[in-house]
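Paired with subunit B in one complex and with subunit C in the other, subunit A is shared by the two complexes that follow.
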Partner chain A sequence: MADVALAAPRTESQSAPKRTVAIPAGLRCASPVILFLLLGFIAPLLTVVAYAFATPRSFDVFRSFTLENFATIFDSSNTVWMSFAWSLAFAFCTVVLLALVAYPIAYGLNRVFGKWSGLISVLFVFPLFVSENVRLYGWTLFFIKNGVLDGTLKTLGLAGGPEVLFTPGIILFGMVYVYLPFMLFPMTLGLAMVPRDLVDAARDLGAGRLMIWREIELPLAMPGILIGMLLTFVLAAGAVAEAKILGGQSVIMITHDIEIAFTYSQNWPLGSALAVLLMIIISGLALFVMSKLDLDRILGKR
Partner chain B sequence: MTEISRRNLLQIMGAGAVAAVGPFGMAGKAFAAGRAKELNILCWEGYNSAQVLDPFRGSEKATVKAESLTNDPTMINRLRAGETNVWDLINVNNPWARKIMAPAGLIKPLPKAEFEPFFDKMLPEFKAPYKWAMSDDGKDLLGMAQRFGPYSFVVNTKKISRKTAEEQGWDLFNDPKLAGKYGILESDDWNVFNIFMVAGINPFKEHTPEEMKKFDETAQRVFKGAKMVGDIATMNQALISGEIDCHLTGGTYSVSPARADGYPEMRAVTPLKGPIDGKGGISWIEITSTVNNPNLSPLATEFLKYVQDPKVAHTVAFAEGTFNPVAQMGNKSCFDLFTKEELDAIQYDSLEEEMSRSAEYDIVPDYDKALDIMTAAKRLRG
Partner chain C sequence: MGLALVKEQSDVAKPSGAQPLPVLQLVGVRKTFGDFAAVERIDLDIVEGEFLTIVGPSGSGKTTLLRMLAGMEAPSEGNITLRGELINDVPANKRPTCLVFQSLALFPHKTVGENIEFPLKVKNIAPAKRKERALELLRMLRLPESYYGKNVMKCSGGEKQRVALARAFAYDPDVLFFDEPLSALDYKLKKVLEKELKDLHKETGKTFIYITHSLEEAMVMSDRIGVMRAGRLVQVGTPEEIYSRPADRFVSEFVGEVNVIEAVKSSAGEWVAAEGGAPIKLKLPSALTDATKVAVVVRPEFLRFVDKPGAADNAMNGTIYNEYSLGSRIQYQVRVGDKTLLVELSRGNGWKGTLDTPVLVGWDATDAIVVAA
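For the complex of A and B:
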């Protein structure tokens, strides 16, 4: 049916004048979605970019053009670079820790847990149904003085829990906890892509465990691992709740600075300029890493 | 593949634009015509609670939407950004209506004859013409008063006595021995006021470079010494657990939930003296105004009358979130609805003296500069 309907105009077009613009049928069919994406995704993004070049502390978007917001950010006396540095450093550490934590779990889900894999996967997904803030407040109650941990240890006659709340360390803990599923599941899928026969063949040919891991498992699972790393890095670089709730703002993340600019500071152009810079840094870093990793080789196309 | 002429392409693009914009345009017309049963409120938490809104929704058979935010600048910003055609009522602290929103044309005056009599039933200090409800020239009534309270700092009186806190006042936070034992509420506009107060400087005036330098030093020291910066829940939890002894920026508004939960030792304190013409504390009074909406809902003024009712005023005072005194307590039939426990939660015993020791919230002329300095000071915590 569709073929018939789409074929009909083709006959008409053959007699059309030469000065015509060709629009593929697919593009026409997709136009409502494209229009929706343009309005819902591209337009807000363009507005943010336009705001970044608007007069500071004004709403003159699309009516003014200035580089003043970027000049303010790059002013040598401005310490906002510290927030960028904290956010990127925390995101990097989160990715590294998550790679180390999630790999054995992903391996277990594929090879070890057997029929329990489904249930264990659900247990890792389950926290996602609860608001991130509620989960983080839960950890606050766990670690707070005379809270669950400290109170229980004192009841048992011990010295009490460690004073970890409201420190940078607990922020990292919170980020690893929150973003674990985002690393775990792409990694699990990646490891599922490794054919068991290949591992068996390598073992039959005398390869040791380490060699099998290095030469077969890791390269074949790399697409999933990379996607997990990229996803968690992007999410972690924009994290703010962990630093606010668990960290007691012991560190100011860049997203917190953006939030301050949009709220208390009443400076949407500066907030937009910070957001645009963050987008450039994150996408730039991601593209740089991807280019260095030679995706074609990893994905096995060569 | 289909080939179409340029003219056809333009026609398709035009049709697409109509298709995209048309529904919005038509919705706009329907929006204007259907506003008799619709009300949108931009407010601090409390006015958005079902306890307050549901009876009004029921009696008016109206769709009432309320968005709650916890700082004034963001709300004002929403109107400035063009949302005056969205909202009907805006509920913010006292100086904004008179000094910012009315001059900027963001709100419109209330019918004086209809609303001024309500002020006669309020507590004595709210009697008409009440300064913060009036325009600068005193001619227009710009909004209605309801919730208010002193807002300086909060102490655990088991750790720091009320007497010590009141006498030492803001100097408490200049004491190096308090480092690591206090928190700061993440209310950055109020923190600007309070860092000025700790520095011994009146916040509500233009500041000299020397004063700004002192503000910077104080901000760095106070933020560095804080155990944590967090929201009201974090502050109350930390006070109760013993993590901190006191916290900067706080009052009946923030501590009343803890007091109502059975921790009367947590207490809002207003210093005996301070740098604002001798006054040691700062207080806030909410003013609710009608937005300069071209299609203002007729329910906006009805809602303002509805919340003057003694029972509704009592519900507003004890709506979910925080508990606060209300101006309508001047009306005996409203006051009688408050139980002893409720009066204790809002520290009614010292309310009058604390309000008299407090200067009213005002605009800081160089707020932008001070906030930038304070934000930079916060970054040095890490």
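For the complex of A and C:
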């Protein structure tokens, strides 16, 4: 608002003879970003939404309107809902496991590791420099029959390793492994926002460890924890590589169905409809969580 | 007063008729961080129900001392006893003491009522009883009862202060510690709260231990003041003792604006000013009989303008340079050689002449304090 007031008189004096429409300075500065978002985000999104309402197995986008694609998804003879269920269930389990695994590490990074915290953080970031597929194939080699684990155990004269490859369990393991940093760092930030004084004060007022954790640490770290949960949920709900590589297609994820619709079956309208549905579910969840967050506090404005 | 630092008594805490049993006792307490000694061998008895203020510049170790008393740090050496019981390693949540933090450490996600009730919740007291007590404390600290459900972060500075106090009282500690809780407030509010705190001390009869860097604050509230410097307690005494009989130059300068004139013993055995060599009449305390160099401390209010050298025990020639109004009093800056002396007079008795005129500044030997240089 202030920008408008400031910019308006200046544009007037500079271009007195040729009167143009005064564009506020803020809008002018934002125009590259707006343009980029329009071309790179809004346009493809609208195209996908439009495709979702196009005639099945056609490319009649923007020229036809039908709800047939959605009817196909909700048709009870169709099992695509299974993929949705798998994806959301895996995402849910991943988030829960990650919260349990990352909390002690985040706590350690804040309070225990001291000068080693930096190095340990770097170690957690480091795997991100290697492609996810490569790392997952690495795990396949580790768990495969006569692989690293199985082979080593046999060499030692023990019974072979467990046959975990191509099971839902290993998919979950893969997801927890891949998305750990995305939970860990928001959580570490969240815990860092708990002032030391408050913990000391609570203890001084007689509170034990559990009480301090429940009443002070957890509620104050919650914004960071929720952001980590949201981030990993969104990523895990769209995950496909873990199921394909470690799971060996034993479980079909929704992302996989979408991919198939766009490629082998050349049914872009159905793929789009699936994608739109997934987007609605995830963004609904995201909006719900965001409404519970106090962003001002996270960004240090209070 | 019988409140002085008693070192001999430290090993046996015997209950005697005249001497009240100390609630907290420190014997040779020392705290080191690596090679740095933050607190150096402190012996101190804290009497039940007193208001003791530890005052010192930043880095003097007063916060470390307080954290050891509250149970947030363990002493490296020495013993801390509470009513005769050794509490060196008793954690903060097991001590009947409570600290009001400099930051106040209010729980931002809780309401005023929830903050006050926190220690009661820890003790598993029923919600109805907790609320009753919280409202009682709100009244005691002159906060409206409607604040019970208020967001604590929406309270003003002074209100937060009172909420923090209410929360500490809810814990019902035997000893309350204060870590400069008033330092962030404006002057006027600070003055009001200082007096309220002293009233609360009288009302509750609890032992208050307060730390601050402002001796002015300490003077207003305390029964006893301990002055700390570089990890040591330099002097412990009543505000009157600290003010009129400072143990050394550091304490005297810490107490407020003072004039310090260094004096040396001449070859003839006479005391003369270290600068200029004018003879100085002084009352030497018995502890300094062997000294050859002392500091003569004269408060600005004990200096006056005299018309002839004989009108005061001591007189120095100077030039009146500037004047500062202090409300009911006026302070004059007088240049004597390279030195600057401050003379404080009541408004009615002010200097009648102009600035930049030569004057004679004098004081009586009985008004000066002589300390080791």
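One rule holds in what follows: the second predicted complex is superposed on the first by the 265 of 302 C-alpha atoms of A that agree within 3 Å, B and C clash if a C-alpha of one lies under 4 Å from a C-alpha of the other, contacts with A are read in each partner's own complex, and residues count from 1 in each chain.
To be clear about the criterion, a contact is a pair of C-beta atoms (placed from the backbone, for glycine too) under 8 Å apart; a residue touches a chain by one contact, two chains touch by 3 or more.
From a predicted model like this one, the values you see are computed outputs, not experimental measurements.
In this overlay on subunit A, subunit B fits alongside subunit C without clashing. Taking Cα centres throughout, subunit A sits at the apex of an angle toward subunit B and subunit C that amounts to 150 degrees, reported as a multiple of 10. Using the contact criterion defined above for the overlaid structures, shared-chain residue A:166 touches subunit B, although it does not reach subunit C. Legend: residue contacts after superposition of the two complexes on their common chain; A:252 is shown touching subunit B, with no touch to subunit C. Using the contact criterion defined above for the overlaid structures, shared-chain residue A:292 touches neither subunit B nor subunit C, since it reaches no partner.
Look at A:115: by the touch rule set out above, it reaches neither subunit B nor subunit C. In the superposition on chain A, contact is made by A:195 with subunit C only, not with subunit B.
In the superposition on chain A, contact is made by A:203 with subunit C only, not with subunit B. Within the superposed three-chain arrangement, the count of touched residues of subunit A is higher for B, of the candidates subunit B and subunit C.
Per the superposed model, the minimal spacing between any CA atom of subunit B and any CA atom of subunit C is 34 Å. Remark: subunit A residues 9-10, 13, 16-17, 19-25, 28, 31, 35, 39, 57, 59, 78-80, 82-83, 86, 137, 140-141, 144-147, 165-166, 168, 244-245, 248-252, 257, 260, 262-268 touch subunit B in the complex. Per the touch definition, subunit C reaches subunit A in the complex via residues 70-72, 91-93, 97-99, 101, 103, 105, 107-109, 118-119, 121-123, 153, 167-168, 171.
Of all the residues in subunit A, the ones that touch subunit C in their complex are 195, 197-198, 200-208, 211, 215-216, 219-220, 302. Note for the complex: subunit B touches subunit A at residues 1-6, 9, 16, 20, 71, 73-74, 76-77, 80-82, 183, 186, 188-189, 226-231, 233-234, 237-238, 241-243, 368, 371-372, 375-376, 378-382.
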